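Across the two complexes that follow, subunit A remains constant while its partner is subunit B and subsequently subunit C.
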Partner chain A sequence: MSETVRQLPEEQLPVSPSTLERYRILQKAGGLVAPLLTVVLAFLISGVVVLLTTGSVVDTAKTYKGIFDGTGLDWFFHVGSYQIGVPFTSARVWFPWNTNDISSQAAANLEQTLLLWTALVLVGLAVAFAFRCGLFNIGGQGQYLAGSIAAVLVATELPHVVDLPGVLLILVSVLGGMLAGAALAGIAGILKGTVGAHEVITTIMLNWIVIWVGSYLFDVGGPLQTKAAGAAGAVPASTDIPDKAQIHVFWGDPLFQGLDVGFFVAIASLVVYYLTLNRTTLGYEVRAVGHNPEAARYGGIGVARNYFLAMAIAGTFAGLAGALDLLGWKFREDITDIQSSSIGFIGIAVALLGRNTAIGVGLAALLFAALQTGTASRSLDPSIFPPELASSLAVIIQGLVVLFVGADVIILLALGWLRRRRPQKAATAT
Partner chain B sequence: MSRLPRGGRAIAWAGVLTGVLAGLIALPPIEIRSAAAPVVVGLAALTVGIGSWIRGERRIGAYAVATGVLGLVIGYLATRSSVDKLDAVVVWGALFAAMLRYATPLAFASLGGLFSERSGVVNIGLEGMMLTGAFFTVWGADDTGTWTLGLAIGIGAGGLMGLLHAFFSVSLRADQIVGGTAINFLALGLTTYLFVKLYGSQGTPSNISTIPAVHLSFLGHGFVGDVFGRLDLLIWVAIALIFVVWIVVFKTPIGLRIRACGEHPRAADTVGINVYAVRYGAVVLSGMLAAAGGAFLSLGFNGSFTPNMTAGRGFIALAALIFGNWRPFGAAAACLLFGFASALGVALQTYSLSISTLFTALPYVITLIAVAGVIGRSIPPAAVGRPYVKQ
Partner chain C sequence: MRIRTIMVGAAVALVAATALAISSAGSASSTKSSASSFTMVIVTDIGSLQDRSFNQLANEGRIAIGKKLGIKTRAIETHSSAERIPNALAACRLGYKMIFEVGFLNYTALNAVAPKCPQAQFAGIDQPYVLFSKKPKNAAGVVFTEEQGGYLVGYLAGLEIKKEGGKQIISAVGANNVPAIVHYISGYIQGAKKADPGIKVLANYANDPTFNDQAKCHETALNQIQRGSRVVFQVAGGCGLGALKAAKENKIWGIGVDADQRYLGPFMMTSALKRVDTAVEDLTKLAYKGKLATKKDYVFSLKNNGVGLGSVSPKIPKSFVAKTKAIAKQIAAGKIKVKNQIKF
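And then the complex of A and B:
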């Protein structure tokens, strides 16, 4: 077919932009078009579920509008004249958006979304980093919990350390969380590198081990359940971290899950992820092993070593997420949270949709964080769509996204089909 | 006599037996009260296991290490508790019956996974397929009023989930692990959605027609009678299924075709086997079997459905499949092991609630050790996880 095209006189080829150039644009866009199509498709199909529930297209649109309004992203649209405090001073200056959660529900929702974004970016990176080494880390959940549990233990139980001043205590607790996540994921990495145990199985098993050991620690009769008065009757939990160990909240009410400084740590982590993968020897080796372990081995790269390192670094990201969440807004670890949290699994969807790139993970995390907040909030009109169904709707959308991400072959096939059709048209035109 | 293990292998098996003994001597009916006894015997098993591992008998060496640690811990705990409590927790008849109950959903899903993986498709979506079966069986039984139709609906729904997985992993050549993860998300979202929509906060009704138990009163009230006397119908089906699957997979032309597609799809294609059709069939069948496991969990075991009630059992079934080297009897043995650990964990609740919680982690630890130790011998189907492109 291409032979025919090449033989055509120049003037009979499609006019500018040339076919070749168009493919090039399409292929470049494929990096963005494919995930976008995936998301659109997922929302359309889950729209059918909503349509079946609500029974009308208008109500379906209203439901989606309600979910969007609950995400807090509409905050950016309400431009006005407000004031904002300058950090570390008492001065107030003009600001185009309303940052006051009491007068702006959108601001409070946005804080929630960004708080969740912080954790999702980090667990997403945990999955993505392992992916770049050819490993599927389903253990983000366990590594996240290990980070939380380690952080609460360091901040409440570790002798001498608990007497440290605030900032140091936070640093040590966060480090503890990162180490715990790294150690847990490292087990899976070592097993993969030495005996070839499949990381999917080992990380899932490690998830459950953390969940049950964690539950044991803080459950009724467990060794670390809080001794504080008034805790009886409530959900069994750890001791609360001291006030000095709480991470500084820079936006919103610190007592009502305001946005803490961990947000900036997540942004920094995206940069670190990019730099480590693309600008260091370690990143080069990890990617080489991910592309082709045999070729990497032949090139003198230690495959087992990189499996371990990739998993340990992945676990560090997830452990960091757990520690930041705990010190930022949870303040204690309770067993319901240990047993029912699913943030690590959403991290899988984040990494897949974000195609394991730093920017992609950042954007995908925003989508899923917004979806999570939007479906959890009370902004849905019960007469149109039952709010208690909304969180399941979010899970369905996540599932559809993952399903279509896996099948990006459809989009590649479509592109290839287009590619074949174009020259054909050009050829028949003669 | 030639089939008996010899040399290093026999020593390793002796280590496994020693490990079992370490736990057994402290339990009824023997009940040695000295804490030193199980510790010494357990350590002996551990030593033999490590020795065997070093000398190359890795798989059985790992078993010996695992049983040694287990026997030591169980035996030690038993000597620390009072005789009354011990007699309350360790009632062998009840424990074994519970073991069969806990192993059955795993066995169904594991045998389902066996078909899928033997045909060359990784099925990490077993968890979601089980959950689908669990919900739709309850819904079907509630809606139609009979458990038979409920079971049929549940198995059909599981088959549809299998079809979805097959479509994406076989026809669209999507990454099979990603596709399976998607199935798990979708099943969780869909079943929770429907559960909340249809049953709301009240939960599924309590008067659903449940799968009946088979009463074998002639077995009497001894150990055998306690274990097998009144088992759920689906447990017997699961036991029969192990043999059926073995015959189908290893003794029939269909089984040969399935295995050929999983080992060398190109060769299978060359001799005229329709690889896509075989893989489709195997994955749909795996969905149906996993759904049957889920159905037992909801309608047979609990008589109700709760969101995310499978709680990782699909993954344990997958681990059991690997543990059992992709063979029906091996997988079934692994399921029994996990079932026993669960049964013991629940029985321990009378002893101490928090110890029982800790014990829930045990099956997962065993799996981890097993997957790590077993790998020297466990060889997956050669083409598993690789989409086939017909030429």
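And then the complex of A and C:
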């Protein structure tokens, strides 16, 4: 985009200042327009897929409406007179929307979307932060799991040693999760900085180490498998965390996977991400290394050190996601989840679509979280869209979005071409 | 100009789409048929409705009983552990009277939702009642004696391999370490040893909790075949189809699980049946009549045809089939005790 500006030396400018301002706005919007078009295009093409499956335009519209309702975003349109609980108290106050997840499917769905958003923002940041240092962190999944496993260990074992109050226990468990994520990612950072081992390879390998260590720990007969009655020796899962270690649920029923205050931690993390990258020396160095490690080294910046720091911070975000999920709604780690979860990989798509910016990651996480919950088979009417095909639909739409994230280069090229044509037109017109 | 046109166009399209969504948001969910107030839903385990196994069987039972009783039924698929509770909750909120939570690991969802959903009755397929820590009054456990089915196919495989001579090695591929799979494999080993005391039984897990990754089971089976296995018993749902593929490629016997899987080809010896469909049908019928007993386990075994031997390949001598059926009778009569958990 900067090239288009360089093509217009000032003495040649036949255009009014307002045109120049328009360029600036467009340049800034380029970062927003392309991802938006990407998403719209993906939805349009998936619409064709749905149309071919259902065979009618009305049913296609109904399917999309089902997806939209499934995300819970329709909650905002059900205005009435309700009450909401004040966090951390038992008080209830007037509220225009129904927050009771037993009576409102929309509320229950939105809680799930936002829960997933919380985790996706954090694993997205884990990928984005490393990206800004020129590192491709594929290890978000492993770091997320390391965070979960560490959190469940601390939350279940620490009460045997010292009797901490709930808030402290949660804090220590979350810190444990963050540290575990940071340590795991830090290994990849150190290897990259010292011997130049490529982080893509090392993070993928570290993922598997965590998956198998976790499977060993919680498998039937494993050292940390649950000893609860009925489940001991049968359920391949950890012990449940004590009730006081569960993060406060401020919306919905804690029993039904309500939304916990980890949601606000994710929002805060977006701010921290932005500030660290743009307002600190560390962030400046990280970005400098990301732009050009050789130039950064010439400028006196420790490249190896920054590789390590960037990876460790990335791992902290992912570990935080794992810890929050565990203490917020999972309450136990089971090996099915360890082996089948893929949230860290969706995080890569989130970072890519969000262009590694704080706002972008927040929005992209919302899109992917909404897609995930919206295409859940519970929200698609089986008489319109067969439940047997519902899961495939979700994968198709997500796949198309990811595909067009790569194809946004085409959209950018098209936009750039249009932009370059405009001054010529303006010139011929005068 | 063109950019502006495009952008305006995109904006209009977006607004139109949102408007459509909003306008239709309030209009649905009021079309409940009152033909029969009894309704039933199954919530699957992680996996798909077309796993040619566990979930699919439950779905077949649902469709069959829905037609027989003329009631409204529905299936809800679970894709990740985060969906377990929301799916159970949705099933309750959609007003279904009988809710099946299919698959062992769904017990957490049943345990959480059932006590808060007194208007519905719950049944946990593969979930013994003892797992429900909240002891819900409106839930029943459903368990199968998989070890009996495993015993029968193991016995038949043992007879056949003994007759064929050569290396006396057979194997089983499990998806992962969960009770139903442990029971199957335990029975399989005991049955094979009964028919052929010198036989060696390899048992391995593919470690695929999704029950859907055929490549993993394929690899596990190939490894066993390399070690000399001549019969592969798959105990892994959709994943296990990969194990059977390996058996087919290497021209050795395959044994199916849960559903009758002989349709896969002439290399299939037989299948160990687990009549999840029967269980779904029977319990729905009971609930329909208002006779479903809760706070207990429904046990499906050889006695009530809840488990059994599938159709057998015509290449297997008739006398072996007769012998196996005689064993089945002895197990049903309690003359042979099959342990549901042995070391392997």
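Definition applied: the second predicted complex is superposed on the first by the 376 of 430 C-alpha atoms of A that agree within 3 Å, B and C clash if a C-alpha of one lies under 4 Å from a C-alpha of the other, contacts with A are read in each partner's own complex, and residues count from 1 in each chain.
Note that a contact is a pair of C-beta atoms (placed from the backbone, for glycine too) under 8 Å apart; a residue touches a chain by one contact, two chains touch by 3 or more.
Note that the coordinates shown come from a computational prediction; the quantities given were computed from them, not determined experimentally.
**Q** Have a look at subunit B and subunit C on subunit A after the superposition and call it: clash or fit.
**A** Taken together on subunit A, subunit C would clash with subunit B, as the superposition shows.
**Q** When the two structures are overlaid on chain A, which partner does A:337 contact: first (subunit B), second (subunit C), both, or neither?
**A** second
**Q** On the A-aligned overlay, A:220 touches which partner chain: subunit B = first, subunit C = second, or both, or neither?
**A** In the superposed model, A:220 contacts both subunit B and subunit C.
**Q** In the overlay, answer first, second, both or neither for which of subunit B and subunit C A:295 touches.
**A** Neither subunit B nor subunit C is touched by A:295.
**Q** So, A:77: does it touch subunit B (first), subunit C (second), both, or neither?
**A** After superposing on A, A:77 lies in contact with subunit C but is clear of subunit B.
**Q** Identify the partner contact of A:359: answer first if only subunit B is touched, second if only subunit C is, both if each is, neither if none is.
**A** neither
**Q** Once the shared chain is lined up, is A:208 touching subunit B (first), subunit C (second), both, or neither of them?
**A** first
**Q** According to the stated criteria, A:57 is in contact with first (subunit B), second (subunit C), both, or neither; which is it?
**A** In the superposed model, A:57 contacts neither subunit B nor subunit C.
**Q** Can A:116 be said to touch subunit B (first), subunit C (second), both, or neither?
**A** Touch status of A:116: second partner only.
**Q** With both complexes superposed on chain A, which partner does A:399 reach: first (subunit B), second (subunit C), both or neither?
**A** First partner only, subunit B.
**Q** For subunit A, what residues appear in both contact lists, the one with subunit B and the one with subunit C?
**A** Correct list for subunit A: 215, 219-221, 388, 391, 394.
**Q** Which stretch or stretches of subunit A touch subunit B in the complex?
**A** Residues in contact with subunit B: 49, 53, 136, 138, 191, 195-198, 200-202, 204-209, 211-213, 215-216, 219-222, 345, 348-349, 352, 386, 388-389, 391-400, 402-403, 405-410.
**Q** Which bits of subunit B are touching subunit A when the two form their complex?
**A** 124, 164, 168, 172-175, 177-179, 181-190, 192-193, 196-197, 200, 312, 315, 318-319, 322, 352-354, 357-358, 360-361, 364-365, 367-368, 371-373, 375-376
**Q** Where on subunit C does subunit A make contact in their complex?
**A** 2-3, 6-7, 10, 13-14, 17, 20-22, 24-26, 28, 46, 48-50, 74-83, 85-87, 89-91, 93, 105, 112-113, 116, 128, 130-131, 133, 176-179, 182, 207-210
**Q** Enumerate the contact residues on subunit A facing subunit C in the complex.
**A** Its residues touching subunit C are 26, 33, 36-37, 40, 61-62, 64-65, 68-69, 74, 77-78, 101-102, 105, 108-109, 112, 115-116, 215, 219-221, 228-231, 234-236, 253, 255-257, 329-330, 334-337, 339-341, 373, 376-379, 382, 387-388, 390-391, 394, 415, 418-419, 421-422.
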